[in-house]
């Protein structure tokens, strides 16, 4: 099969010369034209399949050439766009609008729709988009394909599935591979995360049956967790899940780089909350245990500001301490830093904004969903990554079904962050010195 | 739930006054605006669900009002379209094109995407489209929704399933209900069509698990069937399927009026051919047994033309005989009519064209797929419907995998109809008198 | 395949002479010997399959001959039984007991176990048992096979499944075919019995995936039904199931005649009660609506007894009225009969016994399960069958999970029938005249 | 639940005194009597479940007491056995035989049948049998339960399933745990054994859905493998399976100790051969790559015999060399040993017998199945275990569907071992000196 394709498209996997590479990309492009032509109607699936396979056989430079050709040869025709625009201006009717709509739609859109007819086509297009995003540039292609993928991966087409030890190894090993927040260190680690007092849920799309799209890991606990290490500890004792009163979402991972920007996260969390409510009547609280990924670099950027705490002259003074290895195991130093950092973190989350939204990306995600900032946990994550990005701090955001809508609207319309009152108080401790933020 | 919705939207299922009806439609429209607004992000699924339910509660006139509002309030903004058009004309760049693309896309598209998030949303939208098509008018809405549905019902998302007696009653009763070509007269009739020497295949979409999208009925036979009544006869003996050498597609039915215009038929036939080839190595021929639905009315339209056969003065003479009840049981008359009608039918299929394609819709479908017109079967369908639409004639189109592409291309580019040589000869018998067709 | 078997076993489906028939039976028997011999170890599945197929090809008389041979040639060896008995008597040890156990086990048991290795073997054996039971006689074979089937159809191997409109037609048509209590009159009737306020549950065995073993039909109602016709009425309105407070078991059917005597019924009812309790929190009462199948014939047998009611001289007087066609539509007569029959029915159910258990088979089944006789419903079933077997009366038995065990034990050890107090009172009205019953 | 059971049965998991232990065993036994009594009919499933759980809570000594009680209290009544034996001797009829059959059947059988009604009952009984076998003694109980398990695990009830990377982790980790022949060293090792040119098949029983009963590992190869290490090598290259001409069964493992003695192995191999024949038309040879587990100890037992090879005085001479560590890496020594050992191994497999069957257990299994001894592979397994049990030798047995029956019958009736002619020749080289074997 591969051999046959190689003949068809003159490809060879290795040793591609620059010229050979360009010819290969040109051949794929030609095949795309054929697919868009009438012939595509009869032999669409086969042709689409061949195009995707031969695309995969291109090396990075070959793909770049192919992207260039996609941009050049499958964009709307400027002349027709211009004329349709004129026609609309002269007589803005249903018909002239329809003509203009047709004129501005890239032929790429139809090309991608036809490529989707190949067996495994959807997966191929998601990978193509990942390649485009990684390569950067070619914005119009990414936009076209993203538009299509957003439509195809509409939440109405996604299925929530629980992942546990009965799930196939094919899927489980993908969790190990994809988990981005708290690395899974092999099958034993994974197993602990799927046991009785843990839950893992993922969204699946029917066209990618073996590929989780996004997944969330949940711990069922007594009381709202303030530290992540005990949750990840392989030797932690298993809580009987029916005695839990809290569900802690401690990790959420997007699996498909090609679907970046398609919003699934908030749907996933809401459906999981509903599922858990149905299953466990005693669970009253749904909260995250989240990093504050932008905190540490924000501190550095504001190093010159006074620290707002009696024990430090300014933030730089604090940052310097954070650079000392093992500082969190030095009890005295840690206690001193706590006094300085916790109010600063409260300030950071409530006041440090960009375009009216918090600077912190995780805060933006949960607050936009309508969650409430509930608690700041000192030394909540003492892993290397946790210390480096969040100065060891973790945060709980609480999801209360009844308040999500109101919180969301205030967040959107009034730029108000829903937060527990104590956090407001903490932020004020830091407020005098820090008066300005970008 | 319904009660609650009724309060929310001020609806009541019955006794709607004209004013009440308009208020109801207006309330659904308002909810659509809310769904498109920020709030839709948090409560999308619930809101979408409420909108679809309250839409279903509108009566025909209420729906009409709702369509009017959809047209008026969710179309692109002409001012913005105009400005974006000007901006593009002044500077045709990637950015101005992107702006123009955004400007011309109807807000309806995003509205429909969000409605799809409701449980059962896809089904609701397919029904909405069916309502729109039935009502007529509102072309821009139908176009927008059709655009979306074509993308969502891409063949890459459809699954071919065999339907047999192990299939659920939910699905089986839909075959009884939908079958359009040769009516299924209850469960016993259906059962015979699913037995050992019969096959039924349907496409399903993951979002509509209980709804066949399109299905085809196949008989496995020895020799290519020339008459449909023996196939439909409940008491016909069952051919051991492994002894069959021919697969006859005797009925193909689109089930979803809301998906009219989305092309599935050719994909279905091709996949079924592949499946049957894999399962039955002895089957060498794949053919349809198809009606000629436009033949009878074409005869009437051309009544004044000479009949091209010695025994009739002109077509009107033939048509008059066809109006006599029971003509096909009168052997002498039938023989005489055969001499006149078979050549005319050959002529009709090969020469009677509109926009370069055959006038006959079934011929257009199969020839466009790349099939070959193989045989004209006199008295192939003597049912009332068969006599009325096709003068009792049925036709075999043959699908030869190796020739589909070539036939399709000649059909498209050269307007050539692939036909067995005998049919060409027949058409020539009728050719002298009939010189013109629309 | 059949042809080959026919050769192998010298069978032909039709026109068997008496001699040919016996030869055929002898050949099947020989094959059984081969299966039990060493060869069976290697080619067991194939040989078993051939035996079962050729058995099915025997006509009734051929099967009878086969049964005779099974009895003659596959019974324990009396000499070995005698010697093993002696050895045990001389020295009753573990070893001599084991020898005796081996000696008394029929070779048939192992034969049946090996026949089960054929694809579809279990089904074949269940059918064989049905044939044996229908033919009568051959008790030792029936006992051996029954012993095995009881072990294989242990409740631990059965799966409870809900049957609804999503179930396959293969299974649904078996409900239509098997329903024994209240005949199902086609697909529309079946459909009504599976709708929202109805439930149907069946036990399945993994080796017979398409064969319900036993099924029960349930109506979810407000109040405990006293009449069956409204439940069966196709035009009855559907009760929202979540508003029901009672589940009425109105029909229970054993599907496999070959499994008669294997007790499933009580397991089925208990599991269904548990399932319904989980699903519907408002349902407080689980009751049957059952016929009194032996009542009418019991009346005839006791015709000479006084009727215990002022309006009739004796039971014969009542029975005579019951023979008048349409008596139940004659209001006056019906009212008069009610006065006589309801107390007699109470008496029949509470006092008419055989071997310490009620004469009535349905009463025996439910009372043995631990249910309570709750209510006697006059004109509860006015169908022809209902009038003929139960004089139109139906009875409610109530299943109260908390009391089943106690009721069952009293029933077994003290021959006490659990009944509502009113029924005891009614029985006493009839008690004076009727002093004796078999 | 556990707490409640502990109360019921007076159990506590730890610190059981000898007296407490016996009381606990006595309480489980009492519950067994209740289950067998009438009450068992109504509350069987619950009671059975409680018995199995409380049995699991007994420690080893408690279980021993329970087994003693099972033996004492649930065996046939000797008085009734004696009387039934007398009755049969006086009048050997169908009735007296039936009475004797009832008398000799242990009440344990019915007890076990009722225990099976508990959810997970079958699994519990398989575990109980494993405990009994491990403990030893209590033969009548093991026999009774084994009789039942053999009937329940009849091949007709087992399902063959392919195990691959799509299988659930629950099942996959059991392969890692159970594999007995060539240890699986973690998930990566397992993964290689399930890849494209490998196959793994297992039998499952419907009552133990997550428990493989027995499984076999197969390599699809070009040519018949003579060494196992290359097959197990993680870095071995993957052969395109459609190019393979041989299927090598290199490991077969019984998973359930409680089912020891229930014969599945030959059914499994035959079904897998059929499956592979269907899937891969080019595979012409089905062979095992098997150890010779009894060879090394047989050598030691026959150390005094002459070696039949010029280079060694006697077998003791050879055995002494085999005790030198690393001998197989010493080319010269290995070559010398080969000359002596290969003929001895041929002799061992063909001539060393016990009760007319080969001494070697693996040889017995495959030859009884009708396979042919095809080739002796020098240094076929150089793992520690392979050197220790088989002197590094591995053997190919070939399964030829057409010859299995004949080989099996000759093996059974004539004690003939089917072997390639070269092996006979080899054996003769060793035959002079070795004239006797037990």
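Should a chain be cited, it is by its letter among A, B, C and D, assigned in written order, with residues numbered from 1 in that chain.
In this section, a residue touches a chain if its C-beta (ideal position, glycine included) is under 8 Å from a C-beta of that chain, and two chains touch if they have at least 3 such contacts.
None of the values given here were measured: they were computed from a predicted structure.
J.: With centres defined by CA atoms only, which chain is the most remote from subunit C?
T.: Result for max centroid distance from subunit C is chain A.
J.: Distance from the CA centroid of subunit B to that of subunit D, rounded to the nearest Å?
T.: 60
J.: Distance from the CA centroid of subunit A to that of subunit D, rounded to the nearest Å?
T.: Whole-Å distance between the two chain centres: 51.
J.: For subunit A versus subunit B, what separation do you get between their C-alpha means, in angstrom?
T.: Chain centroid spacing, subunit A to subunit B, equals 41 Å.
J.: Of all residues in subunit C, which are in touch with two or more distinct other chains?
T.: Residues of subunit C touching two or more partner chains: there are none.
J.: Where do chains touch, given as pairs?
T.: So the chains that touch one another pair up as A-B, A-D, B-C, C-D.
J.: What part of subunit C is in contact with subunit D in the complex they form?
T.: Its residues touching subunit D are 38-39, 41-45, 75-76, 78, 81-82, 85-86, 88-89, 92, 94, 97-98, 100-101, 104-105, 113, 116-118, 121-122, 139-140, 143, 148, 150-152, 154-157, 206-207, 263, 266-267, 270, 368-370, 404-405, 408-409, 412-413.
J.: For the complex, which residues does subunit B have touching subunit C?
T.: 165-170, 172, 186-187, 191, 210
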